[in-house]
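These notes open a run of structures that come right after.
In what follows, chain A forms one complex with chain B and a second complex with chain C.
Let's turn to the complex of A and B:
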């Protein structure tokens, strides 16, 4: 195996472009999955089967079908219905939606882990339901679930290359393109491999810092 | 207690002077287990009533029914002239404003500072201004001897301190009735006295009505106007503390007291 540093430096401009796209997918995909997962989790607590049944069915369906299928579906089928988005937007929405069906489970566990005494104290103080959620239950639930949410961020990072399938050029896409044009595979693939490790390490550091900040 | 002698509240709606709480024929079951069995009793405003009796006799259930944490299976509960069950959400919320509760496990909000635990509900529920709520909260914390712990979080306090904050939090809502559910049972023995002394002070210095479930018989004797002895979901004996603790009518009461005293 010949390691060619000049191939590394040739790849760098493409790498930065790919890195930027990967980080965008990760950031916006995480935000969507955090927000949507919470929405699902809260809807599942509405005491009406007219709400919980459809939400349960949709999220179960999304969780149990491959992300790749969902990517293709959104990318090729939505335009037939007149909805056209950029490949990146479609990919971010798909990965965010897919992971929201996992984060909803995390939130559910976090909410259920808040002791029943907290609900009782909120009732005894006559706090309105909305205030009970926003001031008492969710702050405690979210603090509990940050580590688990963090794991899904790392998992999502590792799924970002799937967006290559719908023409999004993230890190792996650029590495592959570069390799095919220059017949140099080792250097670009190694560079992005290292980049994945560095990103997940930094992400886990950031989440640990967040965890400490939320501790009380 | 014969129930047919009780006045029909439908026909006497204005009869709220004196009487603050009334339970009529209240039954509560958990599955096959009947915890309260056609229970009747009433509490007059300003009185301190202690519920004693063996575990599982339904004492705590009464407090939880009054706090609307549970619904009775049968019977009616009236607080300050307002019927609970059946009642609209709005009516229930009005009744709840009159009642405060202190729990065995304190149930402070761990995500808030001590001060915020005391100001959250007065601001949101009573519509108090933030400044006023803070000022009143500080006064209450001073009363419970924790003025210097405003900015602490509950986890940084001892059990006794947490329970004193919980008492202050309940009082911050200016309730007419204070429900005390075995408030010293979860405390280390050396912390019990401080909490009980505080409650004695409150009983002596305010006109708040107290309904208290406790196993601290000396405390019950000190603060109570009336003691109700529970067994198997019924009040089997009631009277002033001097009578119940010194010369109870029933063997069952005597037996229970000799076991706990």
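Let's turn to the complex of A and C:
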């Protein structure tokens, strides 16, 4: 095994560029998944089968099929329908949509964990439905779900390399490009592998600290 | 779609299933060995098992696949057949997630059960085999079922390395037909059907294993919120 430090230093500028793109994907993907997941969770509580059944079926489908194929689908099919987005936008939307079907379950559990007395109190105070949700239920539910949502952000981080398959140059994309140009595979791939471990380990430590703080 | 193209898709399904079976077996073996090692009485064994889990859970499955395909051959002189390379990468990665499930279920067994085993002077191996595992394994099935679906989704990653699995056959058909909506819809549906069947099988298994333990079947909502470890892969309660 021969390790070439000069290849590492040659790769570093590309690495930082890739890291920036990865973090961008993670940020926007998380925002989409948090927002959309809440929408799915609320729709699932609409007391009509005409709403819950399609929402349940679509989210179940998205959750049980590979993100990679979903990426291909959006990347190749949307242009056929006359919608053209950049690869990065397509990727962010796909990853956000995919993870929204997970965060939806987290929100659902969080909403169900709000004690039923809170609902009764809101009814007793004659709060309108909108106020019941925004002032009573959601503030308590969201507090409970933060750690679980954080988990999915870390899981999402580890799915960002898939965007390489639709030509987005994030960390793995840069590593592959560099490897093919310089014919040095070991160094860039190891560097980004270590980077993933370090980032997800730090993120999990931060999350544990946040969890402890929220528990009080 | 012509019948020749369907044949391509069928071949893809076969490769995906082969890869799924092989990597599930490896991942299950790794989960149990590493998960049990994390409850070992020697700290060095616990530390090594924990280190393994953090490293393989911390990195991305796709990066691991690239590593096995591109770095292992020059570094160690191993040139693996694509199927084995994919199995190795997926099995080791998802095995690390699985070890967390095994550890969690083992530590959730009432400590009095273990103490009872010690009082009856069972050896550690007997305690594990006769007392802990029979109670812990049924609890592992729901999270393992979720992990199995994640693994199925993970098998699509090998198509990036040019292995002819279901996702790869989808790409070939797209190139042949210059049309993507239809084929990708079929591919997604096929994955969904496989996932659905796997969920059914796992639910049946859970019912069978829980038959003697007097515990309710089916996971509850709190499991979604009470995750002991924070670097979990998507998909499910690691309660």
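Convention: the second predicted complex is superposed on the first by the 203 of 216 C-alpha atoms of A that agree within 3 Å, B and C clash if a C-alpha of one lies under 4 Å from a C-alpha of the other, contacts with A are read in each partner's own complex, and residues count from 1 in each chain.
We take it that a residue touches a chain if its C-beta (ideal position, glycine included) is under 8 Å from a C-beta of that chain, and two chains touch if they have at least 3 such contacts.
Fair warning: this is a prediction, and the values are worked out from it, not measured in the lab.
Student: Clash or fit: how do chain B and chain C relate after the overlay on chain A?
Tutor: fit
Student: Using the superposition on chain A described above, determine whether A:53 touches chain B (first), chain C (second), both, or neither.
Tutor: Touch partners of A:53: none, neither chain B nor chain C.
Student: For the overlay on chain A, what angle lies at chain A between chain B and chain C, C-alpha centres, nearest 10°?
Tutor: After superposition on chain A, the angle is 100 degrees.
Student: In this superposition, which partner touches a larger number of chain A residues, chain B or chain C?
Tutor: The partner with more contacted residues on chain A is C.
Student: Looking at A:117 after the superposition, I want to know if it touches chain B, chain C, both of them or none. Which is it: first, second, both, neither?
Tutor: In the superposed model, A:117 contacts chain B only, not chain C.
Student: One more residue to check, A:207. First (chain B), second (chain C), both or neither?
Tutor: second
Student: May I ask you to decide whether A:136 touches chain B, chain C, both, or neither, giving the answer as first, second, both or neither?
Tutor: Touch partner of A:136: chain B, not chain C.
Student: Least CA distance chain B-chain C after superposition, rounded to whole Å?
Tutor: Chain B and chain C, overlaid via chain A, are at closest 18 Å apart by C-alpha.
Student: Taking the contacts chain A makes with chain B in one complex and with chain C in the other, which residues are shared?
Tutor: none
Student: Quick one: which bits of chain B touch chain A in the complex? Just the residue numbers, please.
Tutor: The touching residues are 67-69, 93, 96-97, 99-101, 103, 105, 107-112, 120-121, 124-125, 153, 155, 169-170, 173.
Student: Given the complex with chain B, which residues does chain A contribute to the contact?
Tutor: Interface residues on the chain A side: 115, 117-118, 120-121, 123-128, 131, 135-136, 139-140, 143, 216.
Student: Using the touch definition from the top, list the residues of chain A that touch chain C in their complex.
Tutor: Against chain C, chain A makes touches at 1, 61, 63-70, 72-73, 76-77, 80-81, 99, 102, 105-106, 108-110, 112-113, 144-145, 147-148, 150-152, 154-162, 164-165, 172, 175-176, 179, 185-186, 189-190, 192-193, 196-198, 200-201, 203-204, 207-208, 211.
Student: Using the touch definition up top, name the residues of chain C that touch chain A in the complex.
Tutor: It is residues 54-55, 57-64, 66-67, 70-71, 74-76, 149, 152-157, 159-160, 167, 170-171, 174, 179-181, 184-185, 187-188, 191-192, 195-196, 199, 221-222, 224-225, 227, 229-235 of chain C that touch chain A.
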